[in-house]
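Some structures are shown below for you to check.
Two complexes follow with chain A in common, the first pairing it with chain B and the second with chain C.
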Partner chain A sequence: MAGDYRVHARTRAATVAGIVAVVLVIVGYALPAFAGRGLIQDLFFILTMLVLAQFWNLLAGYGGLVSVGQQAFVGLGAYGLFGAAILWGWDPVAALILSGVAALLVAIPTAFFAFRLAGAYFAIGTWVVAEVVRLSVAQWKAVGGGTGTSLPRDAVDGMRGLETVKTLFGASNAAARDILAYWLALTLAIATIGGIYALLRSKRGLALAAVRDNIEAARAVGVDAVRMKWIVFLTAAFGTGIAGGLIYLQKGRVSPDAAFAVTDWTAYVIFIVVIGGIGTIEGPIIGVLVFFALQSLFADYGTWYLMALGMIGIIVMLFAPRGLWGLFSDKTGVQLFPIRRRLTGGKIREE
Partner chain B sequence: MTILSLKDVSKSYGALRVTDGVSFDVPQGQALGIIGPNGAGKSTLFNLITGNVPADAGTITLMGRDVTRLTPMQRCLMGVGRSFQIPQPFGNLTVFENLLVAATHGTGASEREVSRRCAVILERTELIDRANQPAGSLSLLGRKRLELARAMATDPKLLLLDEIAGGLTEGECQALVATIRAIHAEGVTIIWIEHVLHALNAVVERLLVLDFGQVIGMGDPATVMASKEVREIYLGIEV
Partner chain C sequence: MNWIDTILQGVLLGGLYALFAAGLSLVFGIMRLVNLAHGDLIILAAYLILVIVSALGLNPFLAALVAMPVMFALGWLLQRVVLNRVLGNDILPPLLVTFGLSIVIQNALLQGFSADSQRIGAGALETASVDFGPVTLGVMPMLTFASAILVIVGLNQLFYRTAMGRAFRATSDDPVTASLMGIKPASVFAQATGIAMIVVTIAALYLGMRANFDPTIGPARLIYAFEAVIIGGLGSLWGTLAGGVIIGVAQTLGAAVNPEWQILAGHVAFLLVLLVRPRGLFPRAYD
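Let's turn to the complex of A and B:
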């Protein structure tokens, strides 16, 4: 009889990774007690880039939606937060939710048009939308128009949780703001990775993989491919918007050219995902560390640095199309975030 | 009761009428075979029934409901399962996961509810030992079996099989026919396009002959095969 079948996805590496992750998270939250301000700022940068990379990977790696316009949602997130703080006097931390909402509101009409385009046309279409949004926001005089603006002094100093951080670590206003932003970034990164992993482990994740492999067959077995695209696009926009809001909450100053920069918020992010390994959760984690190392070492070389990044990207695409993590995982079979459902027991004779 | 009804269904690609005013009914529980020369429009007819190809004219009724404008997904949820002529596995998913996608999305159930049923289908289609292999690594026979298994996982009331016996050895073909017979015996309505006539004749109760997009004969298999028109057009024999 077939009563004793079991389905599981756990691997030993994943169990170990889970324990390591818990330790890392605890250390991560406790870190401001020991670490200097420079390290906290670096980690903030790594964590926010990781969030952007995870969402781009969700779009392109799992949803097949290669967007070059994610900077639209970073910028909208930033301006959503600044607008709410400046015009309505919102607390900047609470306004982060508006960052996500602002991105979402623009993502809905964007998707409506962009989903009519496929492949390279979709990429260009999203880029065009991002430019349109940048030019429109530059006309918004109340938040500084083309030159941009800063967060109001009282909004920054009166930020929720800032006093607690100051008394906890005896830190200055500026240092306390960095710590608070770092904690928010850490929380956002955990929520992002956890959320994406949960999505991939669900039956929606199976549907995403099926659509990626063969959309005709997926439709024939009842998968709503269009709905999957909407879910992925809107989720990525919302998350990218919150990350954008947080990045500029920490910077304290925003301008359209910076907040909607295609290099900073999309080109680097694509680089991170591609060299790390597209279509895996581990890939962007590896990628962001490599990117940070390269940037710390070589960013002073300006144009040469950017050309070198491009070269590395091309070399990885040619010789390790599944990225550094893909290379490692193929050789060792290690998966830290396993999603494969294994059927065991019953009449299965494994060779 | 009629499960599927086509009325004057037509489809053209440019000037080419691949389906030309096709009408027929399929009673619930029947096994209907469709034969016809290459290019007769058999696979297009399937795509019209599943909704992968929209009809230009005519109506398609499924269990009394007009489905002519519904998507493949909606028709799948109503109980239409299909196999593809050229197997279309989800190559990066395992064989078991291929069935899980179909079972969860084709019926709206949760993974937990369907996993045991998927395992039983894998047993019946002799794929159980391949459950955890990537579907892309299967042989032709394995892929054909997976087409059948995945269609079954959607819990179909109407099962459409497109040349599922093509390219198999005699022994492989017989095993597959036995499985299809067993599925039919449980009350699943089957429409089967096939060139391997003895495989078809072992299962179907009625035969439909298609040529140049038109129905040129329908009825009891023996009578249809014996008719002069069919022998001339389909078998290319001068009578």
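Let's turn to the complex of A and C:
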């Protein structure tokens, strides 16, 4: 009886995870009522790094596009926001959309160029593009050239929603700005994870996985591989740009060397994805928590800490190439964001 | 402005970039390994030469000779113990491992030598120059360029005249078939990385004598080296020299127009070449 068979992706762990996620989101939005400013700032850092990591994971883990140039989009996002606020007097929160658009506008010609390059050439090509963007932005005198600039005082204090937050929590200007940035980061992180999960569960996601696993076979069954690469690259650029804008909205000050830093916005992000587990949604979440724990415990040790981070990256790649989540998932079979379709019912025994 | 002088200085600068890139070109050409730690390995070698110079009181050139076998052994070990494990169709594992290595080397050097900038003293050689009619060229840049040519001639001889070179080329073209013929790719790769580290030592010698260096400047050197390799085309050492010269000339021309455009001009030249020839100017091998 054909009607007895069903194809589905849901697992029991995923249902539990879904309920936990809803609770976490509610707690997350309510948190500023109880938590101190330090915790809010830490969570802001974790959430924004998580967004960057999810987008890099989408690129490299699902799209097979190993980019070393994502800092270009972080920096463009930051400068898009600062440019709109300083030159046109835009509200910084509204200007976040421009952060994404600025990144997107540069991503289109970058993709035309970089998609002609394969493998390692693509990695180096994106890195050089990011350097070109950094050096060009450093020539833009209206936003401070090479030394950078700050958000104007009235733009910072007159930010949309700031007054509401101040009256709600009785917080000072600076604390209210942190809370607002945190809420935006939380919203962005939820939208990112939800959006990527929805993409992967859709027909497009299936096409994406097929392209990643075997491009020839995918094309043979009618998947437009180039189109998938475009979708992934532009989505990642747009999201990374918004995250970049948000990061510098909270910092309030930008400079080309910081906003286009390959270490902060690409190297650390790659470590997060690899340590957590590339090619899964859970991986970057685990990775960012491990990264944050290591940083808050050992960052005082400076060079030793960075050396240890490098060693951990090497060891994970050599002995557990699918990361911490991969190890756990292989042992237990647990998947919180399942995308694999399984056939159940009829004579096939239900798990 | 003297255009001939600017261009000649650029060509000579390209010699330095070709030296940075030759070792990378060798490794990239044979095993498609993107070594993101290459720049940091050059800086490591420069510190090694510096230590030998100050400990033994040797002339820098002799010190480099002493450093070569040490660097060869380091490269051989690195390939055998770490890099051979991550080679494969997926470019991500080697990329990440060498990236981790880059961070480890940089911070180990910072720990050992502090962030102070250093220089390998070369005495009168540093400022010596020769007049050629309208242009004056420094002895050091000319020596660098000559060394780059010597290194490339040497590597080409090794590649096309020796059994080891035949094994290199065979493994580069098809490691599986090569291993059917009794070649062990793992040990061929280890030898190749060892030889690349000898070239790295030569590059480090000139880097250290020509300008100040500190533990953090490796990645910037790496990007020039990669540009030279990619412009030249996979597996072509003369192409790498051409690539270095293109970057060098673009940089000096850019700097002559506006000093802030030096680095930018080099990168733009790289992007333009790739736009026209995505596989570089003289690719030898096909992927």
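Convention: the second predicted complex is superposed on the first by the 342 of 351 C-alpha atoms of A that agree within 3 Å, B and C clash if a C-alpha of one lies under 4 Å from a C-alpha of the other, contacts with A are read in each partner's own complex, and residues count from 1 in each chain.
Heads up, the rule we're going with is that contacts are C-beta pairs under 8 Å (C-beta built on N, C-alpha and C of every residue); 3 or more make two chains touch, one makes a residue touch a chain.
Note that this is a predicted model, so its numbers are computed, not measured.
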Which superposed partner A:Arg342 touches (first chain B, second chain C, both, neither): first
Contacts of A:Val7 with chain B and chain C, given as first, second, both or neither: first
Which superposed partner A:Val223 touches (first chain B, second chain C, both, neither): first
Which superposed partner A:Ile278 touches (first chain B, second chain C, both, neither): second
Touched chain A residues, chain B compared with chain C: C
Chain B versus chain C as contact partner of A:Ala207, first or second or both or neither: first
Touching partner for A:Lys331 - first (chain B), second (chain C), both, neither: neither
Those residues of chain A which chain B touches in one complex and chain C touches in the other: none
List of chain C residues in touch with chain A within their complex: 28, 32, 34, 82, 85-86, 91-93, 95-97, 99-104, 106-108, 110-111, 219, 223, 226-227, 230, 260, 263-264, 267-268, 270-271, 274-275, 278, 287
Chain B partner contacts - residues on chain A that touch it in the complex: 2-3, 5, 7, 203, 206-207, 209-210, 212-214, 216-225, 340-343, 346-351
In the complex, chain A residues that touch chain C: 60, 66, 68, 113, 116-121, 123-125, 127-129, 131-132, 135-136, 138-139, 262, 267, 270-271, 274, 278, 303-304, 306-307, 309-314, 317-318, 321
Footprint of chain A on chain B - complex, ascending: 50, 52, 71-73, 76-77, 81-82, 84, 88-94, 96-98, 100-102, 104-108, 110-111, 115-116, 118-120, 122-123, 128-129, 131-132, 150-151, 153-154
